[in-house]
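Here subunit A shows up in two complexes: once beside subunit B, once beside subunit C.
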Partner chain A sequence: MYQTTYHRASSVDEAVSLFGKSSEAKFLAGGQTLLPVMKQRLAAPSDVIDLGKIKELQGVELSGDVLTIKAATTYYDIMTNADVKKAIPAIAYLTSVLGDPAVRYRGTIGGSIANNDPAADFPAALLALGATVKTNKRSISADDFFKGLFTTALEDGEIITAVSFPVPAKAGYEKMRHPASRFALTGVFVAQTKSGEVRVAATGASQSGVMRVPAIEAALKANWSPSAIDNVTISASGLLADIHGTAEYRANLVKVMAQRAVAAAR
Partner chain B sequence: MSKVNLTVNGKAVAVDVEDRTLLVQLLRDHLNLTGTHVGCDTSQCGACVVHMDGRAVKSCTMLAGQADGASITTIEGIAKGDELHPMQAAFRDNHGLQCGYCTPGMIMSAIDIVQRHGGQLDEATVRHELEGNICRCTGYHNIVKAVLDAAGRMKVAQAAE
Partner chain C sequence: MGVEGIGARVVRKEDKRFITGKGRYVDDIKLTGMTHAHFIRSPHAHAKVKGIDSSAALKMPGVVAVLTGKQLVDDKVGNLICGWAITSKDGSPMKMGAWPAMAPETVRFVGQAVAVVIAESKNLARDAAEAVVVDYEELPAVADMQAAIKAGAPQLHPEAPGNQVYDWVIGDEGATDAAFAKAANVVKLDVTNNRLAPNAMEPRAAIADYDAAEEHFTLYTTSQNPHVARLVLSAFYNIAPEHKLRVIAPDVGGGFGSKIFIYPEEMVALWASKKVGRPVKWTGDRTEAFLTDAHGRDHITHAEMAFDANNKIIGLKVKTYANFGAYMSLFSSSVPTYLYATLLSGQYNIPAIHAEVVGVYTNTTPVDAYRGAGRPEASYLIERLMETAARQLKVDPAELRRSNFITQFPHQTPVIMAYDTGDFNASLDAAMKAIDYAGFPARKAKAKADGKLRGIGVSCYIEACGIAPSKAVGSLGAGVGLWESAEVRVNPVGTIEILTGSHSHGQGHETTFCQLVAERLGIPISQVSIVHGDTDKVQFGMGTYGSRSAAVGLTAILKAMEKMESKAKKIAAHALEASEADIVIENGEFKVTGTDKAIALPMVALAAYTAHNLPDGMEPGLKESAFYDPTNFTFPAGTYICELEVDPGTGKTSFVNFVAADDFGRLINPMIVEGQVHGGLVQGIGQALLEHAIYDANGQPVTASFMDYAMPRADDVPSFNLSHTTTLCPGNPLGIKGCGEAGAIGASAAVINAITDAIGKNTLEMPATPDRVWRTIHAA
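For the complex of A and B:
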């Protein structure tokens, strides 16, 4: 790891001010991606501003039909939270199969979506549930937030403070885990909103990151059941292809994972 | 350079380290607690797992500064004098190690698993929960046996206290 200067911020305002004073700072939440990347010398921030101990970024609130998860809440605290389990059990499940136990104690929802890894789990949940990303400056809908591989709508120095999820009628998530890395080869989050809208998002599939799957949304809108997807064809064009699987394989995984997610949805 | 204040195995320590120092480097290079190992250095193998404020974390994937103010327990801090921790005893009795390189991390993760699940542990749960710890010798079979055995011993030990 190259030299860097570590700062622990005690408030969002302090973090913003520290960012303004540094030449090339990075915000650090759980550090489960940023630190490995710095160790490989793929990133060399002049300053690292730790958001992990900021009180206003911690916790979960359920208010009516909106579940709000503050940005620096760890995966472990999300998966064990009673409000999360009650309001959107699919999020508790997604979090329980993310990384491994030690990673879940450190990694945060804000860190995951700010990084927007093409195989990360949380972007699919935000997109399928029609969540809103709150920052220190504004609110951004999930549809506008994810801009492609490792790219988001966040501006320099902008800090995610929370994510608000409308509580759905039903939601489910399933992924095919890479047997060695345990990352999602492809994962699909399905949701039926309380107004009857169906939204489906796939991670690990597209070359441009997390994506909606309109063909499956239409099929499930007509008939919410795994068999409704039997005759849907997913095009392999624009999907990821690598040593682990071809684009055609991932296209099929989108379909199969969607079927399993519908079967698991509640 | 920054001063990091933390409690390690019950003892308060203050260490001057470069800001880029990882927690595992502070433990091994500055405190000479070399029981915590570095295996993969890419956050996957779990040889470096320690407890921070009671939670099992990968000490190679934390800056030392992030642990400022925290209480750290390493493999050196779990036995009571000459008496092994029930998890260590169970690993020995069940032949849960061969070369031993992954063992400190395995044991620290396993204690965390038992504490989180209490008596509700079965083989499938242990195997799923150990996915962040890699062993290249044993094939995991005896490790899983050891964790299940220790879960029983830890319950008994807790009841006796």
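For the complex of A and C:
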């Protein structure tokens, strides 16, 4: 790791002002992505501004049909939260299969979506549920937030403060875990909104990051059941291929995970 | 058996310090004035080193020195050696390319060191390393074995035309051809034995400390065999004569073979510590472990097995290509030859075997012994062949094996090994019973109704352990003897120190070795301590690998104990005014048999050291040593059966049951044996399902971190169902065969046999990743 200066911010405003004062600052949340990258000397921030202890970035709120998870809430706290389990159990399940216990105790929803790893789990949930990303400056819909591999709509120095999810009629997530990293080799989140709209998002599959799957959405809109997807064909073109999964295999997984997510949806 | 004697499930003495974080590993050691080394490693698989400019780095804060391969060669530090000479079928010696500890001219794999920065801290050394400019001229590289042996392939070493290390044969070709000529059926199989990265939990590390006044070096290093390290460092690398070099291997966090070898980093640390006049520490990180720890396996094999009309095996032909990587590591030459092809008879009566092994250089990390070393490759091949044969001949795979088992012992195979004893039917029966083999078809049918493909796979392995009778291995080209030594020191107050040439890096010697003493003397193990891993404390010994520490190392302790006990009995008889022949040892006392006359061990020990009243002419003291050279290998064997389900939608495998019935001869501590089996099985399952060290066509490693290289985790493996069937090894007085490698040798075939049974297709390479299994299911 290169030399860096650590700051613990006590408020979002303080974090923003610290960011403005340093040459190449990085926000730090759970550190489960940033710290390994720094240890490998692949990132060299002059300053690290820790968001982890900011009170206003912690916790979960359920108000009417909206579930809001603050940005620095850890996966573990999300997984065990009663409101999450009640309102959108698929999110509690998603966090339970994310990484390993050490990662879940430290990693945060804000860090995950800011990083936008093409195999991360949470981007699929945000996209399928039509969530809204709240920052210190604005609100951004999930459809506009994820911009491809490791790229988001966030501006330099912009801080995610929370994510709000409209509570769906039904939602489910299934993931084939990458055998080494335990990220999603492919994961599919399916959701049926209270107004009957169907949204399906796949992660780990596409070369351009998390994606909607219109063919499956159409099939499920017509008939919300696993068998409705039987005859859908997912093209392998544009899908990721690596030593753990060919593009054809991932295309198959998009379909199979979608079917299982529908079967598990509550 | 006493409460802590042979056969007792004694809790491991060493675990208190390991579990409470009080272990003392190389990296825990900090010497006054210590500097830190960081190696500059080639990013290219094959390149000329045209120049190294360290001028900027030398000006950076905390930098003590930047040393290069050229300086190392100028200082006449010797090239790395290979300690086992193999002769090709044409009579020519193996072709060894020169391997300097840092490359002065040419790098041949990604990660090969070209220079080292010595600085006040690891971080400063890393900072400065980034300022060292190495001018490489890239050369064409070849990582794939089959590509490497083609005409026109990039050539690695001028010494080895065609990238061939050797072309070696074993067995009787004429007899084998004759058997095939009269065969009723021939079964053919192509298999790849995937390359593995060993990944001991503790990365390799070294601290070298040169004392200029004494012209003496001390090396702390992660070694499975510190004396062998000292011998090689002094005899071949011109570091220092043996009496001026002390090698200490303190607590070592796993080896699996990868810490047998003497690596460039410890050589460079020693040389550098003299150059800079201060201690030099190097601790590898995980990436360096992936790039530079010797890898394992990596064979491509075509085999054919001939059967007569009664489904008896009459011949076996094998041709194997073995990847050596870019250089010949210390014991690499023996692994695909004498540790592999000599086990090709498996548990079966095979009258004629012929095997040919071609060693190949590629621009990849060197390959050497890794848990099982050659024997997993042999066992996997034979057990895949038997399964393939059963499918082709349409007979039950367990019954085909049974009808070909060797049942008479001793049994001379056509490939050198003479099996001393065993009962292969007993372990097959035990495993079949444990898994309810007969009930499998019903379970398979039920799983099918649930949409799952269920399979069962048998693997009957045998290995040659207790490595090794020195004369025998010497006649086959080994550069060392493979005996073991031990010393028993009874202290004046009766506590006991056992000094052993074996080295414990996870095996639990500090417990099991004490149990032998407890058994013989009837004293608690708390009164015994085990000293190992320091060439200044322990007499020359050969170290730990090849499941040898109990069969060979513990037998050496037994021999020393017998000498000590004999002297102690004389002292006791003298004190008790009895005949030596009437003295028996019980509960820590020397008793005159049939009487109540006794003298306690501490009193005997005290008498030995006060020497006030010893038998006439007896030397004072109570300390004996012994060297034990085994007369044969030992032959642990057993049956593993795996039952699993494949999800046809994803190709994912889930275990239903995994049973292991092993014959290890006598068990000293069944709990520790079970731990060894568990670990071995997990490594075997890891090879079958998850692990694969992969290079791209240009020799760039694709799997140099745990993000890509899939190590098995607890939830990847089932809860194991273990049992033992026992035939005592006649070759050593304790009847021990060894248990350290069995799991890794036998497990992978059981898994692949079960998956291929489940999916109804016989061709499936390891690792059987979900993607690969799914594609195999759905292939036309």
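To be clear about the criterion, the second predicted complex is superposed on the first by the 266 of 266 C-alpha atoms of A that agree within 3 Å, B and C clash if a C-alpha of one lies under 4 Å from a C-alpha of the other, contacts with A are read in each partner's own complex, and residues count from 1 in each chain.
In this section, a residue touches a chain if its C-beta (ideal position, glycine included) is under 8 Å from a C-beta of that chain, and two chains touch if they have at least 3 such contacts.
Here the structure is a predicted model, which means the values were calculated and not measured.
Undergrad: Between subunit B (first) and subunit C (second), which, if any, makes contact with A:1: first, second, both or neither?
TA: both
Undergrad: In the superposed arrangement, which partner chain does A:52 touch: subunit B (first), subunit C (second), both, or neither?
TA: So A:52 only meets subunit B here.
Undergrad: In the superposed model, does subunit B or subunit C contact more residues of subunit A?
TA: On the superposition, B touches more of the residues of subunit A.
Undergrad: According to the stated criteria, A:179 is in contact with first (subunit B), second (subunit C), both, or neither; which is it?
TA: The second partner, subunit C, only.
Undergrad: Quick check on the superposed pair: does A:167 touch subunit B, subunit C, both, or neither? Answer first, second, both or neither.
TA: neither
Undergrad: Of the two partner chains, subunit B (first) and subunit C (second), which one does A:215 touch, if any: first, second, both, or neither?
TA: Touch status of A:215: no partner.
Undergrad: With both complexes overlaid on chain A, does A:153 touch subunit B (first), subunit C (second), both or neither?
TA: A:153 contacts neither subunit B nor subunit C.
Undergrad: Can you pull the subunit A residues that subunit B and subunit C both touch?
TA: Subunit A residues touching both partners: 1-2, 181.
Undergrad: Taking the complex as given, what residues does subunit B use to touch subunit A?
TA: Per the touch definition, subunit B meets subunit A at residues 2, 18-20, 22, 41-44, 46, 49, 55-58, 61-63, 65-66, 68, 109, 112-113, 129, 131-133.
Undergrad: Touching subunit C in the complex: which residues of subunit A?
TA: 1-2, 40-41, 176, 179-181, 185, 243-246, 248-249, 252-253, 256, 259-260
Undergrad: Which subunit A residues qualify as touching subunit B in the complex?
TA: The contact residues of subunit A facing subunit B are 1-6, 8, 28, 31-32, 35-36, 38-39, 48, 50, 52, 76, 99-103, 105-106, 181-182.
Undergrad: Going by the contact rule at the top, pick out the subunit C residues touching subunit A in the complex.
TA: Listed in rising order, the residues are 123, 126-127, 287, 649-652, 689-690, 692, 694, 702-703, 706-711, 716, 769-771, 774-775.
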